[in-house]
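Residue numbering begins at 1 within each chain, and the chains themselves are lettered A, B, C and D in the order written.
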Amino acid sequence: MIEAVRDAIREELARDERVFVLGEDVGRRGGVFLATDGFIEEFGENRIIDTPLAEASIAGIALGAALNGMRPIAEIQFADFIWPTFNQLLGEAAKARYGSNGKVSAPLVARTPYGGGVRGGLYHSQNVEAFFAHSPGLKVVAPATPYDAKGLLKSAVRDDDPVVFLEHKRTYRLVRGQVPDEEYTVPIGEAEVKIEGSHVSVITYGLMVHHCAEAARNLAQDDISVELVDLRTLAPMDRATVIDSVKKTGKALVVHEDTRTGGLGGEVAAVIAEEAFDHLDGPVVRLAGPDVPAMPFSPPLEAEFMLNTEKISAAIRRLASY
Amino acid sequence: MDHGQTGPSGEQLLEMYRQMVLCRTLDERVWMLNRQGKAAIVASAQGHEACQIGSVHALRPGSDLFYTNYRDLAVLLSLGMTPGEVMLGFLAREGEQMSGARQFPLHGAYPKLGVVNLSNVVGTQLPQAVGAALASRMRGEDTVVIVYFGDGASSVGECHEAMNFAGVHRLPVIFFCENNGYAISVPRHLQMAVEHVAARAEGYGMPGVVVDGCDAAAVYEATSEAASRARSGRGPTLIEAMVERYLPHTSDDDDRRYRNAGEIEAARKRDPLRILRERLLGTGVLSEDADETLYAEARRVVDEATELAESASYPGLDGFYDHVYADQTGGAPSP
Amino acid sequence: MIEAVRDAIREELARDERVFVLGEDVGRRGGVFLATDGFIEEFGENRIIDTPLAEASIAGIALGAALNGMRPIAEIQFADFIWPTFNQLLGEAAKARYGSNGKVSAPLVARTPYGGGVRGGLYHSQNVEAFFAHSPGLKVVAPATPYDAKGLLKSAVRDDDPVVFLEHKRTYRLVRGQVPDEEYTVPIGEAEVKIEGSHVSVITYGLMVHHCAEAARNLAQDDISVELVDLRTLAPMDRATVIDSVKKTGKALVVHEDTRTGGLGGEVAAVIAEEAFDHLDGPVVRLAGPDVPAMPFSPPLEAEFMLNTEKISAAIRRLASY
Amino acid sequence: MDHGQTGPSGEQLLEMYRQMVLCRTLDERVWMLNRQGKAAIVASAQGHEACQIGSVHALRPGSDLFYTNYRDLAVLLSLGMTPGEVMLGFLAREGEQMSGARQFPLHGAYPKLGVVNLSNVVGTQLPQAVGAALASRMRGEDTVVIVYFGDGASSVGECHEAMNFAGVHRLPVIFFCENNGYAISVPRHLQMAVEHVAARAEGYGMPGVVVDGCDAAAVYEATSEAASRARSGRGPTLIEAMVERYLPHTSDDDDRRYRNAGEIEAARKRDPLRILRERLLGTGVLSEDADETLYAEARRVVDEATELAESASYPGLDGFYDHVYADQTGGAPSP
């Protein structure tokens, strides 16, 4: 997965002079996850900028450069440190086009590794997608596979609006997958049915796509047919694909790693409860992280927080037999 | 201070004065319209005109970039925004240039004038200006970016971050602090432990210059020097223009709660229009008659602007959903 | 309403020496909405602190003081300027107790005026409740009436956990109501059925309570019986009161001024769709602000954004006749 | 520098040295445990011991407050945290004191020691420390709050805001910057445009003191002076202790990507243990034999701590939901 991210950025840097990278340790260190490994040698320190430790200004400088014709890719080292960017990303970038009545564009990408299951403890495991997805004017992308990551990141760089690009850090090394040699992009704003099925729709994104896919494969042996929808883009959300799936299956399970209350699953469930109500054969169920402040460090506590294939399978089973 | 070599010519000063008169006349009018219930909100530029106009004249409108603050009516007029356009903003009418009347007056963007003022959020313009300077330099342009902010804004974390980055990368930015000694009601001694914001410049590796912001010529010179420093790759400068705010913070404020009449009286003594007027009369560049004419002309222009705006309609609802994203009706083209 | 807020703070300042106020212009100015009018004269500048213009540190200093035994009430002048506090409020304060395994408490209150309909334009109208309500460890309160405002604010000050206290600025002068002379509090965490009814449950909070109440009164004339639930506390949410109401009426309309997608209405709708599914006689409908970045300034644009009694009545009618 | 009047006694220096030896021994052990796959993450204090321990000795453990950074193992040991407690944290075991193993080692709070380190988020401790000082002063206590942070943290907006507020209100805070020249891989010249973080102090109305952070005695003196300044109501001080980080940023880092061997070699020459050892041997306060004994004792203690932690179990799941709010099982009482 990390290779897909790296290749996408490198190709965009090579393709378009307006693209540049800024963030902490993106230069000689190559990024703490090596997303920009070797870039400073290849593109020079004018285009690969090691910033001071100051997230608010990383976002603000990226925004200023974007308003002035560039296409910055800002790396926020961990999503847990992204709060100081809200003033610039939610407050300013999201509203730049609307607030100028279309006079300016803010085509920046803010990439950040998020999510847990990597022994990151409270402050290297957080999920932040719900915050960004509640900000009209921003686009929010959270790919699950290397193919999607590369194609969506390239689309994000080319997009004329600010895009928050969320990379689940557990997928960086865990998830492998084919990525074509030839140039391609994946459009922002389209969910994908990753597995077709007829009994229960499971709607999810990011790392959970893989756990849900495994659960679906296991349950197939018990003749429970799961349709797996990967949102891929969280905002603007592809409601049509979600609704179509639920209309077909009549049952919906929404899954995310993020804590439950106020999470993105509420939005998905609400859309279903409103737009597919007449097709529902059971409650819209959410399976999500527990409502504790964040994911603890010690192994058993971390495991308790994280969803996994077993927890997901059990939830699907319960819903299927409703 | 020596106004010789780098100082503005008499002609330039006269033009600055003309713009100051126009700004003051317009500013007084919008304040009046607020009191009549016609303009929802006004942040007056009165007292700040000299530093705003003096700084603009030292730069290159058309290629330089101006990250303005909400109190910068004089900057905008000096750059060529028309009183009619300004008035459309204060009355929130159709045809408003910077935000389509979606925002408070003077907020949004005016790309043709090199103006960006995305929001009301104090301090956010500072890192944006630094990013704009970075972009220009990456393309090899010799643009200078000036960013205006208040003494209150100097306390915001993003101000520190912006200055630090500009210092590290020696970016062509002029940090222009309009220090009027108040952030709404909060006076200097509760805002900072030092006399001058400029005292911070050294810690960012840039010069910090304190200038009398009521003296257009002095501001012109300080800004000229900062601009040539920036253009020649020597990096940013922090200019602190000491000015006075005689009026309440905005039309929503009641400054009697925190300032006494004597203090305001004293501040009024430093009226930049009076100071420049006396100088121009003294050097014979301006006559009493010509001054009268300038004011009469300003009143005429402001009357016209008011009529224009009052007869304009409010924006329709057709475009309400436009410009949320680029790929919607009317979205801005990619830059 | 503003008097209720002011009285609550004044009484708590008088009651408990650990309580103090900090924020921009809270001193001689008395706050831009006069919530602290006269306080500096009454309690002195050691307890009523005019801070520099720096929201991140207002929150951080409040947190530090709370950890060290005080009970700060921090005013953030407008909710639109609250983003810089997220690092301290969501990142630190919300996790202080959990992250120290109960060793420390962070009993601070962060008050802020929010919401629109006051010609505030993009940056003096925003709703921010959904962000705080997605942060386990924080409590979030949004009262609609003077009675609730005073009683809940006093509870907030006495609460041992960090509370974000949201005051809809349109209610400050618009809304009047009886407040008893004697001391009372309103418990955090309890919704209230403001109007009992049988056909449709309307769940809302803040300013919208008043528009919904008016709609309910109007519709009563057409024999549509509305049950109006005022959440009052947004987190932790009183799900039981919501569910009980929907079980009774079978229909639910969730109303908020905030933009729709990712708003708190999603959470409410999801809870209903999951826990009251068998009792539903119609889709769970959300009526909310439009998905544009924020509320525009010009009068007709602002009116287009805001919900009002007519829009709400129409939505109730549609749902009642489903 | 004159170590006369205000300097530490030979006995004090010997005790500091003993703590430094213990810290180094423990630090090397946890690093080894990381390499064995037993400790998930380590941010080493090696190279920083003298400044951490020297500063603690100049303060009043028990009543002063210590807002620590993640690299401050020596501060914690000096305050009285036991090696066993430390080791329980590195192995994330039941009984861990600061966070119940919910957080990275050394994060959370240890109220009995006056220690708060809520999170891994760089810079957040600065305004919190300022708020703590404000609280103490409101109650009329003569507490001093020291807050430790790195050169990287100096760039964060909240650092500026915290220092500004402390300056305005002359709060009893010591801002203690452990400047090791790197923030992970980002070297000083990309972090700031000046040589020293201390150059910023003046802009906040406080003294800025640069001190050799490898010299425990010098740090002791600088901190003593700052503490007496703070206690006598004269406000905050910014101390910048120049130290070296010989090891990678953390056990997750690979510093060969951005530092050459020669540079690290040179940094090692400023090993604070070697420097203090030579001084103590020179003044006869320490003998080679006694030094051996100190190391042997440290190894014994660290062995014991390791055994204790390795034989401890992981926390159970019973308390997983505790302490989200006070009104849940086990919630902390109101302060």
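One rule holds in what follows: contacts are C-beta pairs under 8 Å (C-beta built on N, C-alpha and C of every residue); 3 or more make two chains touch, one makes a residue touch a chain.
Just so we're clear, the structure is a prediction, and the values are computed from it rather than from any experiment.
Novice: Strictly by the touch rule at the top, which chains does subunit A share as contacts with subunit B?
Specialist: Expected: C, D.
Novice: Tell me, please, which chain's centre (mean of its C-alpha atoms) is farthest from the centre of subunit C?
Specialist: Most remote chain from subunit C, centroid-wise, comes out as D.
Novice: What whole-number Å value describes the gap between the mean CA coordinates of subunit A and subunit D?
Specialist: So the centroids are 36 Å from each other.
Novice: Where the centres are mean C-alpha positions, what is the separation of subunit A from subunit C, in Å?
Specialist: A distance of 29 Å separates the two centres.
Novice: Take the average of all CA coordinates in subunit B, do the same for subunit D, and state the distance between these two points in whole angstrom.
Specialist: Centre separation, subunit B to subunit D: 45 Å.
Novice: Which subunit B residues touch at least two other chains?
Specialist: Within subunit B, the residues that touch at least two other chains are 99, 102-103, 107, 119, 121, 155-158, 161, 164, 168, 190-192, 324.
Novice: Tell me, which residues of subunit C touch at least two other chains?
Specialist: Subunit C, residues with two or more chain partners: 51-52, 54, 56-57, 80, 84, 87, 91, 95, 98-99, 122-123, 136-137, 236, 291-293.
Novice: Taking touching chains as linked, do they make an open path (line), a single closed cycle (ring), a hub with spokes (star), an all-linked set (complete), or other?
Specialist: Contact pattern: complete, every chain touching every other.
Novice: Give the list of subunit B residues in touch with subunit D in this complex.
Specialist: 155-161, 164, 167-168, 170, 189-194, 199-200, 202-206
Novice: So in the complex, the part of subunit B that touches subunit A is made up of which residues?
Specialist: Touch list, subunit B to subunit A: 65, 98-100, 102-103, 107-111, 116, 118-119, 121, 124, 126-136, 138-139, 157-158, 161-162, 164-165, 168, 319, 322-327, 330-335.
Novice: Would you pull the subunit A residues touching subunit D in the complex into a rising list?
Specialist: Against subunit D, subunit A makes touches at 24-25, 27-30, 32, 50-57, 80-81, 84, 119, 121-124, 290-293, 296-301, 304.
Novice: Which part of subunit B faces subunit C closely enough to touch in the complex?
Specialist: 40-41, 92-93, 96, 99, 101-104, 107, 119-123, 152-153, 155-157, 183-186, 190-192, 252-253, 257-258, 314-317, 320-321, 324
Novice: Spell out the part of subunit C that touches subunit A in their complex, as residue ranges.
Specialist: Against subunit A, subunit C makes touches at 56, 80, 83-84, 86-87, 90-91, 94-95, 98-99, 122-123, 130-131, 133-137, 235-237, 254, 259, 261-270, 272-275, 277-278, 280, 282-286, 291-294.
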